[in-house]
Structure formats: C-alpha cells, structure tokens
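Both complexes shown next keep chain A, but they swap its partner, so chain B is in the first and chain C is in the second.
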Partner chain A sequence: MAEMQKSWRDGALRLSTLPLLVLMGLFFVIPLIMTALLSFQGTQYYRLVWTWDLNVWTDVFSQIHYWKIMWRTLTMALVCTLLCTVLAIPIAYGMLHRLSRWSDQITLLMVFAFLTDAVLKTFGWVLFLDRSGVLNGTLESIGFPPAAVNVLFSPNATMIGMVYNLLPYTIFTTALSMARIDRDLVLAARDAGATRLRAFVEVTLPLAKPGIWAGAVLVFVLSLGVFLEPKVMGGGTSPLAAELIRQSFETRVNWPLGAALTLVLIVIGAAVLAVAGALAFWQARRGSND
Partner chain B sequence: MASPIIQATGIEKYYGTYRALSNITLSVANGEFLALVGPSGCGKTSLLKILAGFEDLSGGSLIIDGQDMAGMPASARPTRMVFQKLALFPHKTVAQNIGFPLHLAKRPKSEIDTAVRRMLELMHLKESYLNRYPHELSGGEQQRVALARSMISQPPVLLLDEPMSALDAKLKKSLQAELKHLHRHVGTSFVHVTHDLEEAMMLADRICVMRAGKIVQIGEPSEIYYRPADAFVAGFIGDTNLLPAKITRAGEGFEFSCDILQCSAPRLGADQVAAGVAAGADALLMIRPEMLRLLAPGESADCTLAGTVSEYFIRGASIQYRITVADTEIVMDVPGTSVLPAKQGDAVQLGLSLSDLFAVEA
Partner chain C sequence: MKKTKGIPMFSPNRRTFLQGMGAAGLAGAGLVPGRAEAATSMKFMCWEGYDSPAIIKPFEKANDVSVSIDLITDSPGGFAKLAAGAWRDFDVVATDSPWVQRMGPAGIAEFLDDGEFADVYEDFYPQFRAPFAPLEFEGKTTGLPTRWGWVGPTVNTKFDKLETWRSYAPCFDPAYRDKICVLDWGDWPIMPMALYAGIDPYKELDDKELNEIRLVLRALFKNTRAVVGDLSVAQKGLMDGSFRTLIGGGTYCTSALRKDGQKDIMSIVPEPKDGLNQGIIWMEAGGVVKDPVDGAKANALLRTLTSPEVAVELAWTEATCNLVPSQKAEALFTDEQKDVLQMDYMWEAWDKSHFHNVAPNMDQMLEIWSQELAAAN
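Our next item is the complex of A and B:
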C-alpha cells in the first residue's frame, strides 16, 4: 500500500500512464457514459429524439420478457462458466503431466482451434450435430436408429457451442497456473503419505486457484455476451441478451432501449463478479485465520 | 549389530540408454548417519530419489525397514525426504506444514496439535510462528520447519537432499551442529546427500563417495580422509598434495622412491598403500597440507622437502603456504601465529613423518 501511495506522487509515472488513460477514456469511459445518456432518450419514426425522460426505463422494468431473457443469459453464463472451469482442470492437468510428451502438439492444435474464426467453428458443429450430419450418419452406420442425437437448435446445443468456444480460456489459464507449481511440492506431499489424488487436492488445486479464478472470470464475462451460438446452434428459438440488444439496435432501431438493456447486462455481470470476488476474499480470510 | 535399516543390492538405474547408477550395493545401519558425496552428476541424488520412491529401479533390490520396496509408492515408504529447496507448502501455515503427514494419516486434531508443538520445541522455533506462512520466515527457520515436517511422524529413515546448500556459511555451520544433535537425539537413520565434503566429515558416521554412478569408497570420515581409495577420493576431499612415486615391495611393507621427497628410510607399512596399487608400478604419494611442517635450521624429520614460498594466505586458525619445490607446487597448512614464520620468496625446509604418508594408484 505504501508503495502505491508513493508512486502516485511520482510525476513521471503519472505522465507515463497518460496514453493508457486517454485510450481507456476515449474507448471505454466516454462510450459508457454516452450509452447511459442514450438510455434517457426516445425514438420516433426510427429516429432518435432527445427527450430526456424515463420512458425507456419504464418499458424495461415493466416488461417481464426482457428479464426472462436476462435471467436465461445469466444462468447460461453461470452454467457455461462452471462447465468450462471444471472441464479445464483435468484437461490442463492431463496435458501437463500425463501427456507431457505431447504437450506442445496439443497446445498447438488448441491454439489453431482457438484462432479459427468462431463462425466457421460454430457452423462446423451444426454440420456435425445435424439430424443428417456426420455424427448421426456415423451412428446410423453402426446400427443406431436414424437421427439418434437430436440436440441441434435447442438451449443444449447453444451450451455445447459456448463451452466449446470458451473452454480454451480456462484451459490456458489453468494450465499456466499449474505449470508454475514446483514439482517438488507435489513430491513432498506424496512423500508425506498422500495418494496421487490427495496430493492433487491438497497441493495442486489450491496452488492453481489463481489461474482457475482468472479463467472463470474471463469465461463468465465472455459468455454473457454470446450471440453467435444461440443464433446458429440454438436456432434462434431462445435468444440471449446479446441477441436482444442487437435486435433493439438494428432491427427495431430503438437505440435508447438497446442502451438501457446494455446497461442492465453490464450491471448484472458486474454484480455477479463483485459477489464472487467478495466470496473468494472472505474464504481466503477465513482460511488464513483457521 | 541388528539387521540394517536400508539394504540396497546391485541397484541399477538407466535413463534411456544412459546408465546413471551401476551396481550400487549399500547398507545403512539402524540409527546411522550416512553421507552420500560426489561431484554433480555422480548419481547421488538419483540414489536418494530411488530410496524415497520418486524413481523406479532398473535393476537390483531395495529393502527398507524389512520391507521390499519394489513397486511401493513414495507415499507408503518408511522414509521422509528433506528437499533441496525445502518444498514447504506456500499456501499452508507453519503448523499445517509441520502437521501435514499426520493430517494425511487422519490423526485427531488434538494429537496433531501436540505433536506440532513438540516438533516446534525440538527445532527451537517460536510458538508465534505457528500461524505464519513459510515466506514470512527466514531461510534458517524455513529449514527447521522442513525438518520438523519430515520428522513429525518419526520415520525410520530421513533422506536429506543437500538442504543446506542455499544457506550462508555461518548459518550453515550452526544448523549442521543442530542436525548432528538432532540425529543423536531421535535415533533415526539419516542419509544425507551433499557435495560439501567438510559437511559430510562433520556430520556423518560413514561417508559413501560416488563417481559416475558407482560407489568409489565407503568408510568412516577418517578412513576417507587419511586412507582414500584412489586419487579421485583424495583430491575430492580437501586440499591434497599428490606426488608421483615408484613403489616396490620390500618384505612385509613397501619401499618407494620420489624425486621431490628426501627420506632417510623410504619405507611404507602394508596399511599405507591403497588396494589398487601394484608393486613396481607408478603411484601417487598423498600428503595432506596439515601433515607438513616448517623445519628450523638443523632440525630433522623422516622426510624433507626444500623449496621457496610462492604465496601465503592467512586463514585465521591456520596459514596456508604455497611452496615451489622443483617445479611442483606444494600446499602446506601451519597453525596460525601472530609472527609470520616465512614470507614470500623465502627458502624453506619442510618436514614430514613417514607414518603420515599414504600411496594411491596413479
């Protein structure tokens, strides 16, 4: 803390943060303020009217439809975060320790998949999961009934797409965190009498916590904003918040409504992160007093 | 003597085609302090990892505490390791670190607490440290916590992997003394890997010198120091003068001839020649620096050398001289005095007792 206070008085240091401040101001703070201001305006004949009233907000808070979509978005994001976090732990561990010989190749393949355009990958999943697609064709050829897997164009398909597209974030952060753990610590636990699983629970998992948390936060924030997967894989039957906001801006040309819904989504996301952060902090405090 | 706590027979270890250990046969008595020494890459750490169960055997057998260790994981072995970098758990408090083996064994909390406090006392650690984290302690304190963690469940064998190599000289000295005291107090067998021979001589009951995956010599410190198996052991331990000589058999003992050394009766007893030395062959005469002394004019000795002082170092308790004798540099340690016995460029006569000489294979 003392170091931070001291550094703020350092003129040269303040000057060197100027480019970042300008950047953040221009492209984050000012747009955010503009969005907030926009939500107090109205529209007439597809035109923005500077009315300065609360009509849009009255609309947002009186229509249960918007909140249903918000709720669905939040639960989908939480489930997706949980799945990505939990799946990443064994994958990262396996990559580092069980398959360490192939770790470079696996990483390379994952980076390829990660950098491939999301639209392409998502349509790939459609081709794979389609009623007459690759998966069902293969299953049929080995004796399953036609269209045995009928998951496409449902919320479950959306979830598959979200987890697939976001999983690399948690794998990379978790693996990075695990790779930094001194191997001797695990050996020390084994030496003290711990089984492999016990050593993992007592040493590897707690020490990988920062990476696991970082991955979870990244995935949560990103999954609040997904629009491709619900549209392409979910078939647009149960849109999420991002799709609702896009429609408000583009289809209905109701910018104030879109701005208000954007703010609602931001507040929900920030609130969840704040609660999670407080929980983590409280747990860490309790752990150290134990 | 009861049956040994560790019995290793013909241990082999390959990493791919590289032979890291070959035919290691070694036994450690119950309560013994054994030091494994050798240059880096000699296999001493590999051997320790095999004892701990972190590495598999490629061949041979290992019995610890009466049990065959084949296929037994580290977690089930009657050994505990003190790691080179200590490997204290950074996310656990001192109390949790020390009590970890008992915590894993699912012992009641009150029992763990009592045992932790007992270890704390044994290791001279303050009670206020219990709730601190390892990074909040000094290097020496961390060392003691690591020792406490590995001793708390009273293992029959403690393995130490150069745990003192990172400490400064003064702290090292005091911890060495504590370790020796601890060993006497608890009666556990210690196997201590180190590259510091002085440390090994100070601590160990027996020293096992290794080179290139093989055991070169096992013996008590004095045996290793005064009766080394070969020139490698002689040179590895402390400063040594090795003078080329010719050895011939003469009755029970040996005769030798050495250009640098003038002896009135150049004879060696049968126990003054290492096993590998063949009669009639070239050999090396080992002379420890402290075996040499400065001769006053007219004083005599069994053997003498004449040379000039090229350099000297005052080292407190002793003064080390570098003396050039016929193109060979001889190292001599004499007890420290306030009046320097000889200065640079002085012509000096050195004396030596015949009984101090020892011959090794050239």
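Our next item is the complex of A and C:
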C-alpha cells in the first residue's frame, strides 16, 4: 500500500496518465454529465425544452414497465455472462491442450467469425433457425416433423444470438490467461498424484481467474446494451433496455427520457459490477489470509 | 444571408460562416470574383430513393449546384435532428408528410407559395391539389406531396383469401395465433388497431379512448409472433406464410415483392366498420427548410421531385415501389408497373381510408404500446 501511495506522488507517473485522463474526460465523463443534465429537461412538440424539472425522473420511477424491461435486461445479461464463461473454459482449455496442434487454425476461424459483421451473423441465424430454415429442413429430411424446432422469435433465440456473438470475448481472455500458466505447476500437481480434473480445478482454474473475470466483465457490459439479437432473433416481443432507449430517443423523440433511461442502465450495470468486484476482492483476501 | 422583411440581414450559421471563410481565403488569393454568387452546394435530407443519381445528377447539372444527401432511417429521428438545430445546415427535406407539416409549428419550415407551384399542382391528381390540408399549417403550405400508398392488411393469397382480410378481425382470432407480424414502425401499427377499436386516432382522445387502444393492443400482442423493424424479415415471413399479415404495413411492404413477380401478395384496406374507415393513406412530402442558402434552388429541387418524369423514378426503386401524386406521370408507367403498384385499386383504397396526419395523442399511444409490449411477455 505504501508503495502505491508513493507511486501516486510521482509527478512523472501522474503526467503519463494525463492523455488517458483527457480522453476519458472528453469522451466519457463530459458526455455522461451532459446526459445527466439532459434528463432534467422536457420536450414540447418534439423539441427539447430547457425546463430543469424532475418530470422525467418521476415518470421513470412511476412506470413499472421501464423496470420490468430493465430487470429482463439484467437477467438476460447475467445468464449470457454465465453461459459464455462456462462455455469458454473448456473451449479455451481444449484449444491450448487437447487441440494444440490446431490451435492457430481454430483461433483464425474464431477471429474470422468474431470480425464478421454482427448484422450478417444475426440474419444468418434467422435463416438457420426459421421454421422453414436450414435446421428444420435438415431435421425434416431425417424424419423429424416439419418445423420441429420453433425457437426463432423467442427469448431463447435472443440468448443464442447473444452467446454466439459474445462468446469470443470470454474464450480469448480465458485462453490468454491459461496460456500464461506455468505448465510445470500442473505437472507438479500431477506428479503429486492429482488427477487431471483435480489439477485443472485446483491449479489451472484459479490461475486463469484474471482472464475469466475480464471476459465475464466484458460480456456483461456488452450484454446490457444488446440491440440486434432481441430485435431480429427475439422477434421484438421481449424488448430489452437498448430498444427501450432507442424508442425514447427516435420514435418518441423524447431525449430527456432516453437520457434518464440510459443513466438507469449505466447505474444498474455499475452497481452489479461493483458488487461482483467486492465479492471477488473479499474472496481473494480470504484466500490470501488462509 | 437570412431573409427578413425588406432589408437583408446577415445572420451567419455554421455553413455560411465556413463558406465565408473559404471565400475570403480564396478571394485573398485572387481566385474568386469579389461578389458572392448563388449557392454552389445544397444539403438534402431524405428517404432512400430520393438520392438516386438518376434524379440528383440531372438536377445538379441543370442548376450548377452540388447536392449532398443525408439519408434518414426514420422520420421522427430526422425531424428531431432538424429541430435540434440541424435545420441551419439543410435546404430541402423529403420525409413522411406529418413530419413535414410539423416543421411549420416548429418554426423550421420555409412556407411555399402555392401560386409559384400552380403548374406543379396542375399535374397532380385532384385529391392532391392546393389547398392541400394535410400539408398546411395555419393556412400556409409546408410542402409538396411526393409519394403515397395505403396501410392495410398485406395478404399472400397462396395462404389466405383476400376476403378474410376485409377486416382486422383475424388478428384476434386464436386460429391466427403466432401468425401475425406487427411492424415496429412508431405509430404505424397503432393507428389501424385504434380504427379497428372504433376510435379515430387522428383526433384528440380522452382517457376512455386511450384505454380502448390499450385493450386492442393487448389483444393483438397475444396473437403476435414477432414485432419486426426490418422490412426484409417481414417480407420473408409473408412470402413463406409464417406471417399471414403485417400490421402497420401496406403497399410500402408489398410493392417490391410484387415487382419481383410475387403477384400473390397484395395490400388491401379493410371495409369500413361501424361507419369508420379502416384504411390509412400515408404520404411522403418534400419541404424547404427555413433559411435555405438559395431559396430558388431549393424550390427548383422540389419542382424536380414532383415532375412527372422524376415521379416515375421515385415510384420505382430497388427497395420499394410507391404511387405518386402526379396524374401526368400515370401515362409514363407501363401496364406491368401499374399492376405492381395496384393502380386499379388505389382510389377504392383512398375512399376507404383516413389520411395519415398529425395525431395529437401520438406520444401517449406510443407509451401505451411500450407498456403493453413489456407486459406481453
């Protein structure tokens, strides 16, 4: 701790953070403040009116449907984060150890899929999952009844799209973390009699935690703002927060309401991350005390 | 230069300021004449189709001006952009007619002199001639109509009979559960449902009427398979029969399919119910934004957009095909084009429809929509 305090007194170090501070100030803090100020204004005849009142916030806190959509968004984001994290661990491990010969090719394919435009990928899923799509066509050809899989335009389809589009974040961060683990530690555990599973659970997994955590945070934050998947794959019948905000800004031309809902979503996301961060910190501290 | 009564006053905006700075620089270098000339560039906010090179290039050549295009993807968003201050940067706009009309009370419209456009109105069908109420504000004209069509059930006759959709009743029939697609296009899907509930959504509504709209939307969402914003997804469902109709759609959704040979797909309007017309006529219009750099050239662009030859170009685009107000243009369409546009049906649709106009309770209706959609699943 003393070392950290000393380093922050270092003028050169503080100077080196200046560009980042300026960037964050210009492109994050100032827009955030402007968004907050906007939420205290009103609209009249589809034009912004500088009223400085709490009408929009009263509206936000009195309308249950806003909170229903926020709750749904939070739940979907948490489930998506969990699924991406759980799926990424065996995939990353397999890439590095079981399929290490093909690791480069697999990475290349994943990067290719990752960098392909999300609109194309999402519409591709529509063609695949549709009642008359590729999946049902294939199933029908091997004897299943027509439209056996009726998942498109449902929250499940939204989740499939979210996990598909966000999974690479957790795979890459987890794989990066696992690749940096000293292989000798795992071999030592095996020499000491640990099974492969026990060595993975007690050595690999704890050491890969930083990457798993980073991937989970990335996926959670991005999940809160998903727009395409609920709209295109989910069929728009279970809207999430991003759609609600878009509708406030664009369709209703109610920018103060859109700004207030944006802030609500940011606060919810930050609060969840703060709680998760505190838990991780508490766990790490308990681990070091043990 | 800002136009005022009598003496021209200089009131710079961002563009005139930059142009002035540029001109000053060039003048300093001795490259331009000292006196300001007419505008050499103008900015046009419009829907896709209006930006066609076949329309814009000849206009640029004839008027010695370069037109930069700003495409809009939704009319309220385009209006909000103008109202927030972007009107200073634009000369002409072409968008849904209620939003052109709204430019009047918002103080961002340059009102048109109907006399100056008398020859243009002369070419229009009588229904669109001046004085044309849907584009008037306090008796002054905010724009000229450019394209139109109707909102009503879109039917694929491979799967349903046209007669089935002479009413919106199947939207609430359990037999059609999970077969209805609602277009997520602002107030478009709300208006037909309000009409089905026996309410004219274009007049001032009381709480009881708003509650009726809430109930009809609630019932609609029970049968809805998807609320779709993307036209291609909606069209695909209509073609393969997974969507039996598109609520909030109409000729705008079906014409491109008919153009591609899908003549089984049609747009109709329901029969009047309890004396209330059930169809809706939508229209796009062009208007001049307040204080254009060159008012004459802005008016010239409006003239171009409404001329019979350009009207045919506007009617027949890649994404969608639509009717135009120019009667003179009708003779320029082929029989095939007339069939695609369902021209033989257009006046029947007109007679059974309301004109899509500024709805006083639009925001409340959108809020109800949002509440009911959130509660539906």
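The criterion applied here is as follows: the second predicted complex is superposed on the first by the 272 of 290 C-alpha atoms of A that agree within 3 Å, B and C clash if a C-alpha of one lies under 4 Å from a C-alpha of the other, contacts with A are read in each partner's own complex, and residues count from 1 in each chain.
Note that a residue touches a chain if its C-beta (ideal position, glycine included) is under 8 Å from a C-beta of that chain, and two chains touch if they have at least 3 such contacts.
Note that this is a predicted model, so its numbers are computed, not measured.
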*Using the overlay on chain A, decide if chain B and chain C clash or can fit next to each other.*
fit
*Tell me which partner A:Gln247 touches in the superposition: chain B (first), chain C (second), both or neither.*
second
*Write the angle, vertex at the C-alpha centre of chain A, between the C-alpha centres of chain B and chain C, to the nearest 10 degrees.*
150
*Which partner does A:His65 reach: the first (chain B), the second (chain C), both, or neither?*
second
*Which of the two, chain B or chain C, is in touch with more residues of chain A?*
C
_Let me test your reading of the model: by the given contact rule, A:His97 touches which partner, first (chain B), second (chain C), both or neither?_
neither
_Partner chain in contact with A:Asp130 - chain B first, chain C second, else both or neither_ = second
*After superposition on the shared chain, which partner residues are touched by A:Pro206: those of chain B (first), chain C (second), both, or neither?*
first
_Looking at A:Thr237, would you say it contacts chain B, chain C, both, or neither? Reply first, second, both or neither._
second
*Which partner does A:Ala189 contact after superposing on A: first (chain B), second (chain C), both, neither?*
first
*How far apart, in Å, are the nearest Cα atoms of chain B and chain C after the overlay?*
46
*Enumerate the contact residues on chain B facing chain A in the complex.*
52-54, 73-76, 79-81, 83-85, 87-91, 93, 100-101, 104-105, 131, 149-150, 153
*Give every residue of chain A touching chain B within the complex, in rising order.*
182, 184-185, 187-195, 198, 202-203, 206-207, 288
*Within their complex, state which residues of chain A touch chain C.*
45-48, 63, 65-66, 68-69, 123, 126, 130-132, 153, 155, 231-232, 235-239, 244, 247, 249-255
*Enumerate the contact residues on chain C facing chain A in the complex.*
74, 76-77, 79-80, 83-84, 102, 105-106, 184, 186, 221, 224-230, 233, 236, 240, 242, 363, 366-367, 370-371, 373-377
